[in-house]
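Encoded as structure tokens, the structure appears first; notes follow it.
In order of appearance the chains are A, B, C and D, and numbering begins at 1 in each one.
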């Protein structure tokens, strides 16, 4: 290890509360070792076009942990292995620019890259690791769908915001005897829907892991009428699918999300409930509210621990690894563990059993 | 005045944070005079079908001031003067059932009605006043469009929720160099958009009072590119209209809102910005998040003061009046002042001047 | 008026949420006129020792409105008319250094001073105005005790924080059948105690404007025992005084507060309640929690309007005036209106009547 | 197992956010099995004096999960094995009334007791288990000092409230160049101080696990002066002790806390810092703010999962066990694991390493 490590850090994929906390802890923990940290802008793009790279000093990052967003910027586009580039004929074609990244990395005298990102960004990080760049991954996803870590920063905030929104909608639904359908994020996993639905007192939760039957959803809603509970909250994960249905959350990340925003599964479910039950039914898409802004204290601390642990992994030379939460400790796992698969809600998880036990329906026969 | 007044109270129109606080203060202030309060369910419907009427005791209302919604229920339908009723041929026709309300009111031995509601509900209250029912109005609107009072409860909460949402979207917009269009409520007035847009640091605010020019909106957004501010928040009131445009917020209240939810002005503006500027642009409709849940402390206190003042107006026999905020005091104005007109943002208001001064565009040539 | 005004701004007295919002609006509104703004550090000290004065640019202030504190720093010491200075014998003596401030002001080519502060700082500003400096005041007090304006920024935040704290203490008091005494700020006025006490559901509120009788306080608390309400919240203003008592909130501002922190009136009241009623009684001093951190949306907007209006007053040449809220507008009043007197809770205010009506005792015979 | 189980539930020890969520999930999950739940008031006192016992129905508990406190009441007194009783001579003596509890339990036809409490209450539960009562424990502590579970509900809320308070104090400390000493709860463990101190950007954190040296604390504070960081936040656990000192947090739970409230370690540390550094230094005791009110979403969900899992443990006949979080699952451990020892912060925990790495001092030579 060089005397005075030169560490690069980037943030990739969608925004998540806690990114700045990771950056703060990385810079301060490096400073504590007399190492230098360089911020790479816009994911990997700052390693293709290196003029924006800047030295990050303690003064620049102190107490940014509670601020939303990322001071480094981020993007969902820009995989250097498959970069969309305009050719001389003016057509857009995909090109592999990864060698240029590797060259720039060495030319700049960098010793290691701390890559903060979700499955997409970590997969790219892993590919660069295989090309010889000493990489440490820091998992980031508000969807909790990354394997290898019990949870990552951003998820607690997303669930908290969704729950707070459901709480607000609750009082209006109750006052007006309405059905309120709330569509939340989560891509192809039901974590945000499950956790916020239980916390917020939903009557029905629809998640990708359990294909739903619209008739059973409506039966559940009408059940309440008999006992005088004439309103209901239905929480729908953006990736939820009807039984035998083809309504799949297309693509991963932002691209898929954008489609869903323009009349997604929540609106479809709401329309169907209104038609079948005759109840006044409204739908709302929480969308980007779930991924921006200040992290919860839980996420702020977790992100600080992740950032600081990343520096300790550098110290140990554990490249090709990703920091991971294995409560109560932050440890590490090989990057390939995380990038291989999506972590879905297990059907025997106690959280799911709890939901059923307290009377929540998943739109399936019991 | 009878020795032991029997007071009825109802809540009408859309949900608003603070309704329960009004009820709490009415009941406790009446109890303090040894008077009785009776809760009327679902706006005026509880006076057509009187079986649900219930005595409200201090135990039932103590400390409900912070709870969202209304324990009396509310509805946007059900004007007894124009009630939709199914006739014998199975057709729905409008009928005037107001006499039945008056009869029931007297049959129940009630001395007065405290009607908590927006322009629609207060208009009905005023009509009943003209039919001889001693009525006291309590203004309620999250939109701040009621005349006669500087502000009512619910508005501060709506603005706070919208601002908090904008804050969250801010960080994501900034991290991704995006334009984020946020559509907020307000019906045909721009109060929520103006106040939350300034507080949340919007670059553009579009309100019904100032028809906007899409080209000027886009120019403003592109202005930032030059100085490196590559993101923007655009706050759009649901009732905003393009210059020379016909896009009017149709109908009042919930009905109009529902249409807007399914692809409203926010989505239209976002699509246009994306097309004209080429910027990655997203839109979000805050919708019912703005009207449910716990009131802010400001609204909680104001609603308690309104409810308590209503009882003092009963004591003074000031029927046909509405409580009103004339800072720092809560006073009263004749009901007809409030129900006659919509309170829009005056073009010379200092808030509007402030917005312009700090660099916010309204989509109009300066 | 010079072509390109050079405006100085300082913040004085205790911290208040919204100070940065005032600064942001002043700088942006000046920038909009092509004027320059210079930040004076630590109240008036930056005009004695001018090396820290810095040009404030739009980039430095954009979106700081939601950040607590003041980027200019502040202090409770440092009245240039009575500055504590160490003489050659090593003794501290008071000296009038105001001429040096005036000289520096002119030497720096400044055209006007926007002084943001409470009664102390505004009094100093007024004195400088009388010495020829063109001054605009911006009122700041979390205590709401400044005359001339219906309310100032900081107060809504203080009341909100206090109410939220009372809400939290409520549940514990109830679960444990306890009396909880909460001491809040307010100096010699009862505004924070009154507003937060009503909002938070206190049983007893003690304010400086109504000297209290400890026996009546205890009777009120024991009243609840009979009906099974075995807990109580007592909100005590730091300046509350017992009937015939001498327990005065000493000095103004921070100095007085510090003494109170070390066993103030709240602890005295709690001890007395415990002794007289035998109830498990606890006390808590909210202290500085009430004055730091992010402003509420209400305060953020009000502070932005104040800052922007201050620039418009400069434009109009209304020196010697202070911006003021006269709802719904921000206007201005002569500085002497504000600095002359303390604004206490009027005994006939509707807020006070509301408190009594909903069953709150002020520790006085009814 | 009887066809229709009759389950008793009580809550003991200090208030903690999430107690009502446990009760809600227990009642709803029992209802789902057609079982009955009986609420025992005031910890174990409701089993000595059984007239208050009441059947808990789904209607009584639905959506109470977000409400602070406990609908069953709680107390820190009242161990039936050592009950303070007045004898005929009027003296208070300790008596073992546990047999009466056992008799009442059987007389009421109860099948099992779900005891929700901290170390004290769970120890009593365990003793009753040894006397033949089928007991299931649910761990509760805001201090995170219970062994056997990674964390319990209440802790996340306490840390969040403390962090939010520190954030608020931060801005004032910075604006005034002050040292702010914040005393937080935690009994003899430093969890709350450590987690909130890191999240809130403290410069110094003092915890019971690391005896501190006042001179090193002051050195750390003065370090900032050199680089222009003239303020500091010092977070002190209520159980923190000086090196070689005797200042021990006396007694456990509420009793110890009360003493500390009247001039605890925070005030001592603040006085010492002021004397040694000459800096303007203030102290604040967060006290009961940390344990009351609504739980965070994290705690709300965890408490619901705990309550529901408790019912599943009853179903499995796992008496003498306590529910426990072993992320990502809620499982169970024998009660004796939890009641034997206090869980302190391990000196090699990654959270502690993170704190040191980002420059936080624990008042010890490095």
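The working rule: a residue touches a chain if its C-beta (ideal position, glycine included) is under 8 Å from a C-beta of that chain, and two chains touch if they have at least 3 such contacts.
The structure presented is a predicted model; accordingly, all values stated were derived computationally and were not measured.
Counting only chains that touch, the fewest steps needed to get from subunit B to subunit D is 2.
When each chain is reduced to the average of its Cα atoms, C sits farthest from subunit A.
For the pair subunit C and subunit D, the distance between mean C-alpha positions equals 35 Å.
Taking the mean of the C-alpha atoms as each chain's centre, subunit A and subunit C sit 42 Å apart. Inter-chain spacing, taken between the CA centroids of subunit A and subunit D, is 31 Å. For subunit C, the set of residues touching two or more other chains reads 164, 167, 170. On the side of subunit C, the complex with subunit D involves touching residues 11, 14-15, 17, 19, 67-70, 73-76, 161, 164-165, 167-177, 180, 258, 261-263, 267, 282-285, 287-289, 291-293.
Interface residues of subunit A facing subunit D in the complex, by the touch rule stated above, are 24-25, 28-29, 31-32, 58, 62-63, 65-66, 150-151, 156, 159-160, 163-164, 167, 170, 195-196, 198-199, 201, 296-298, 300-301, 304-305, 308-309, 311-312, 325, 327-331, 349-351, 353-354, 356-359.
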